[in-house]
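Two complexes come next, and they have one chain in common, chain A, joined by chain B in the first and chain C in the second.
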Partner chain A sequence: MFDSIRLYETFINRVNPLSKILMATLLFVTVLLIHNPNTLLYFLLFNLILLIILSGIKPQYILALLGAIFISGILSSTYMILYGQGDTTLYRLGIIHISQESLIRGIHVAMRGVILSLFGALIIFTTRITDIFYALMIHLKLPPKYAYSFMAAIRMVPLIISEYMQLRQAKKVRAPLINKKYVTGFAAVKSTIITLLSQSIRRSYRLSIAMESKGFSNNKRSFYRETSFSRLDLYFFLLLLISLLISIYLSQHCFIFNTNDARSI
Partner chain B sequence: MSAEDMRIPMKVSKDDLFIQGLDLNFPEEKKTFNKLNLHIKAKEKVLLLGPSGSGKSTLLNVLGGLIPSVIHASMQADNIQLISNKAFVFQDPDAQFTMPTVEEELAFVLENLQLPKVEIRDKALQILESLNLPVSLDTNINTLSGGMKQKLSIASALLQNPSCLFLDEPSSMLDEAARKTLWNTVESIWDNLTVIIIEHRVDYIWDKVDRVLLMNKNGEIVADDTPQNILDNCLKQLNNLGVWHPYSWEQAPVFKKIKPEEAILTVEDLTIRRKDKTLFTVDKLTVNKGEWLTLEGPNGSGKTTFLNSIMKLIPSHGSIKFKGKVIKKTKDIVGQVYPVFQNPELQFITHKVYDEIFINMENLFDIQQAQKETESLLKAFDLSHVAHLNPLELSMGQKRRLSVATALGGLPDLLLLDEPTFGLDQKNTFDLLNHFHNLISEGTSIIMISHDYNILKRYPSRRLEIRNGQLIEKEVSYV
Partner chain C sequence: MNQKLSLSLTDILVTVVIALIFAVIYSLWDGVYTILQPFGLHLNELVYGMWFIAAIVAYLIIRKPGVALIAEFAAASGETIVLLQFDISLIIYGIVQGLVCEIVFMLFRYNNTKVYTAIIAGVVAAVSTLPLDWYYGYLGQVETWNLILMFSLRILSGALLAGYLGHQLYRGVKETGVLKYVGRRHEDSYES
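Then we have the complex of A and B:
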């Protein structure tokens, strides 16, 4: 899916999609259990480096994504920062009360989100959607009818987007000729949705007939792409584990935040 | 089952398709077939012709075994013999593929046949080569042209090793050149196959098929003969049903040429770009009142983009003047210049055919007058009987007419039409051409994208073409 913005492939591209999903789950739990903001910060830096080096995506796209991730990280922490509890007041205005404690806790929460986003981005950039479904069918015995329906549905997304753009253009040229009430508010949303839905339903009906006419059924089939577990999966896991261990080590020796537990400052 | 087989007549060989006494209807619709009989011999090439709604697709789906197993309908036959190894190619290139890349799509078919993994790649490469489809295996299907997508469909069909091939309007969404290539491809592979074809534009295949079946609106086969005999004996019937045939254009409407008047649109030094690349340039183009211009050019050369840039729907560099006024934004010319897009479905705003016209009128007239105007426009475009339907329920011809009619609240000075006759049958095409001529006689000018040679050499007063990155004017020569 990201072939057009990829510069090079790395071994992560060949890691089994299921391992990636499993690691993402483990990472989620791990990050929740880390309460030392110093550890999280180092771990975040490691994940950032992994994403930049191992995704193989063109730098401008990485930068754009990082921007989005960090902004959403900051936004997600504002509530905690502005309204959190704490004794060491840094700033106060009306009900807004920024304390040192709330600031650190806010940043801590934001870092969790950012780490998961960075790792998620690495996985998404390096995994083909078809490989995920092949892996699910082969290893987890997902029935082909679900796997292939999803893959077919994903193909339709760009078509729906281009239809939406055309609808907008059509509205632009018709709108000045007619009463505004037809092209604004609920009426506009309704007509857009009905048109796009009916186009998609018609297309998927035709596609389902085409699929069955090509001999597709939920029965036995061979698999062209084999997804197996390999040493690469282990390497990837070790890479992640080592960066976590180094982060923990560093957090014991070089502090950046003046605490080792965000819960009890 | 064996008892039924016994009743199949001796003359029917086991590779033939045979249907006797077929009754079929879809829920909540009138009966599609009533006691239909048909016998198609092995390796015969058969063309199914008929107006829309005649049940040709339904018949094809019965013969191909999709009805009743995949598409549900209540069906009964005294006798039926079908062929199990068959393959289909359908009309819509965007609704035939399951997977994102060429390789995965071809593999999908072979996986269905449970072919071992190691054989799949070679098979896929082989079929691409034999069909002369020069794409690499990892090509994304979305980046292929319509013609290449349909060739890929044929490739998928052939991978199923069929003895019978069903083609349901495979070229109706392709331009002239791609259509020709497609039919040449089909002809190159069909020797040992039984082939059943539904097709609107029959120019390339009429002489190649063995047999033509003509169906009427009631789902009856009204003629069944060789192509030559059908032309000799049933010409009147063909015209009445409004289907294309090799002599169609002899009945095409002939219009008096209209003398152009003052200039309304001037385009100067226009550069159209797509993603940092210059697509083409226009040195100078003037459109006069009462002119009918056509615009040609290969796929992807930027014809639609040009119409959109006149409308200022996309950015461009250069000057566009309409009636002496420089146009900067869409809303400067909207209403006076009106584009009709290629997909009529995407031009509709309301949920009723009647409202689609009425909302244009209600701003211009008081309510009674608006209703009267709406009704007369619906009548002029032969849409009165479907005025209560949702626009999306209409047939293709009706949708096209309605999308043109949405331009006509007032009378636009310039109509921009993007392949308006694409995929229409003879009757609907000629009807639309008549409408266009009427509009021009009332003072509208038209710029129309078209690939149809028969239209290009009959109707335009001037012909434009995008060639080698430039918009040029072509010599007009009429037949």
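Then we have the complex of A and C:
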């Protein structure tokens, strides 16, 4: 999927997709359990380095993505920074009350989001999406009708997008002739979505009939691509574990935030 | 009964395709939500409900067990693909929202397509985000009035954007006549 913007492949590309999903889930739980902003900051830096080195994507794309991740991370914690409880006031304007406590908590929440996004980006860049479904079928015995539905549906997305473009152009051409509310505004959005939905339902109905008539069923089957577990999965896990441990160690010795716990400052 | 309610390939395929259309909308919606955030006063919560709509529309169209969960999961994971971030928290939120919608629809025995069913599902989905957000975003440490405002807006949005709008979309699709191919054959309830 990202072959055109990839510079090199790393061992992460060969890690089993299921291990990656499992590690992402573990990471989510871990990040929820970390209450020390210092630990989170060091862990964020490690994840940043992992993404830059191991994704193998051209730097300009990584930079653009990083910009988006950091901006949305900061914005997502404005509610805490502006309205959080706290005693040491830094700034007050009407109902807005920024305190030292709420600022640190806000940054903490933002860092949680950023870490998950960084790791998520690493996974997306190094995994073929079809491999995830093959892995689910092979290792977890997911019924093929679910997996192939997903794969077929993903293939349809570009079709749906081009259909949307067509619809937009058609509306543009006919703009002087039809009621204005179908060109701009809520009714236009609604009619567009309904058209796309009904077309897609018709198309997926046809596709499923075609698949079934060619003998698609839940019988035992062989797979075009095989996925397997290897030592690389373990290495990847250890890499994350070690960076977490180093982060915890560093946070005990070099403080950046003057606190150990974002909940009680 | 069992035979009638089990998911066929057509059902799953239709559900996932619907979900992926909403996944594209979800990721565009992410921009709307982000832009509204700095204004404070939780104006952004007014658009939050859109993220429950896939489960509701898919259920109204297919009316079988499991559809709401699959739809919401597919929409959430589709969104992570479109946004180029495999964000496990998004997927977990999606699964929780799909699951609670599923429970609501189960209580209606999967054959109610009236608008209030959709609205109840939207409201319940909005409420279900509270425990997750509470822990993830340290909501206990936000001023109380602010928290109440945040969740009333979110629940309102769940009712309007997910419930009412979802039902409107369903009626629109129904009028086009494509629904005679998909979903449950016997229709024992009609839309309001």
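Methods note: the second predicted complex is superposed on the first by the 259 of 265 C-alpha atoms of A that agree within 3 Å, B and C clash if a C-alpha of one lies under 4 Å from a C-alpha of the other, contacts with A are read in each partner's own complex, and residues count from 1 in each chain.
Going forward, a contact is a pair of C-beta atoms (placed from the backbone, for glycine too) under 8 Å apart; a residue touches a chain by one contact, two chains touch by 3 or more.
All of these numbers come straight from a predicted model, not from anything done at the bench.
S.K.: For the three-chain model obtained by superposing on chain A, do chain B and chain C clash or fit?
M.R.: In the arrangement built by aligning on chain A, the partners chain C and chain B fit side by side.
S.K.: Who touches more of chain A, chain B or chain C?
M.R.: The partner with more contacted residues on chain A is C.
S.K.: What is the contact status of A:Ser191 with respect to chain B (first) and chain C (second): first, second, both, or neither?
M.R.: It touches chain B and chain C both.
S.K.: If you stack the two complexes on chain A, which partner ends up touching A:Ala24: first (chain B), second (chain C), both, or neither?
M.R.: Touch status of A:Ala24: second partner only.
S.K.: If you stack the two complexes on chain A, which partner ends up touching A:Thr10: first (chain B), second (chain C), both, or neither?
M.R.: Once the two structures are laid over each other on A, A:Thr10 reaches no partner at all.
S.K.: Counting only touches as set out at the top, which of chain B and chain C does A:Ile154 meet: first, second, both, neither?
M.R.: In the superposition, A:Ile154 contacts both chain B and chain C.
S.K.: Which of the two partners, first being chain B and second being chain C, lies in contact with A:Gln100: first, second, both, or neither?
M.R.: In the superposed model, A:Gln100 contacts neither chain B nor chain C.
S.K.: Identify the partner contact of A:Ser200: answer first if only chain B is touched, second if only chain C is, both if each is, neither if none is.
M.R.: second
S.K.: Who does A:Phe216 touch here: chain B (first), chain C (second), both, or neither?
M.R.: both
S.K.: Return first, second, both or neither, reflecting whether A:Leu32 touches chain B, chain C, both chains, or no partner chain.
M.R.: In the superposed model, A:Leu32 contacts chain C only, not chain B.
S.K.: Using the touch definition from the top, say if A:Thr259 reaches chain B (first), chain C (second), both or neither.
M.R.: A:Thr259 contacts neither chain B nor chain C.
S.K.: Please compute the chain B to chain A to chain C angle from C-alpha centroids in the superposed arrangement, rounded to the nearest 10 degrees.
M.R.: Computed angle, apex chain A: 70 degrees.
S.K.: Can you give the closest approach of chain B to chain C, taken over C-alpha atoms and in whole Å, for the superposition?
M.R.: 7 Å.
S.K.: If you lay the two complexes on top of each other, which residues of chain A touch chain B in one and chain C in the other?
M.R.: 129, 152, 154, 191, 194, 198, 203-204, 207-209, 211-212, 216
S.K.: Note which residues of chain C are touching chain A in the complex, please.
M.R.: Touch list, chain C to chain A: 8-10, 12-21, 24-25, 30, 34, 37-38, 40-42, 57, 61, 70, 74, 78, 80-81, 84-89, 92, 135-138, 141-143, 146, 150, 168-169, 172-173, 176, 178-179, 181-182.
S.K.: Quick one: which bits of chain B touch chain A in the complex? Just the residue numbers, please.
M.R.: Against chain A, chain B makes touches at 64, 66, 70-71, 87-88, 90, 92, 94-100, 104, 107-117, 120, 138, 140-142, 156-157, 160, 308, 311, 313, 330-331, 334-335, 338-339, 341, 343, 345-351, 359-360, 362-363, 392, 406, 409-410.
S.K.: If you look only at chain A, which of its residues touch chain B in the complex?
M.R.: The contact residues of chain A facing chain B are 1, 3, 129-130, 148, 151-152, 154-155, 158-159, 163, 166-167, 169-179, 182-183, 191, 194-195, 198-199, 203-204, 206-217, 220-226.
S.K.: Quick check on the complex: what are the chain A residues that touch chain C?
M.R.: 20-21, 24-25, 27-28, 32, 65, 69, 71-72, 75-80, 82-85, 95-97, 101-102, 105, 108-109, 112-113, 116-117, 119-121, 123-125, 127, 129, 145-146, 149-150, 152-154, 156-157, 160-161, 190-191, 193-194, 196-198, 200-205, 207-209, 211-212, 216, 262-263
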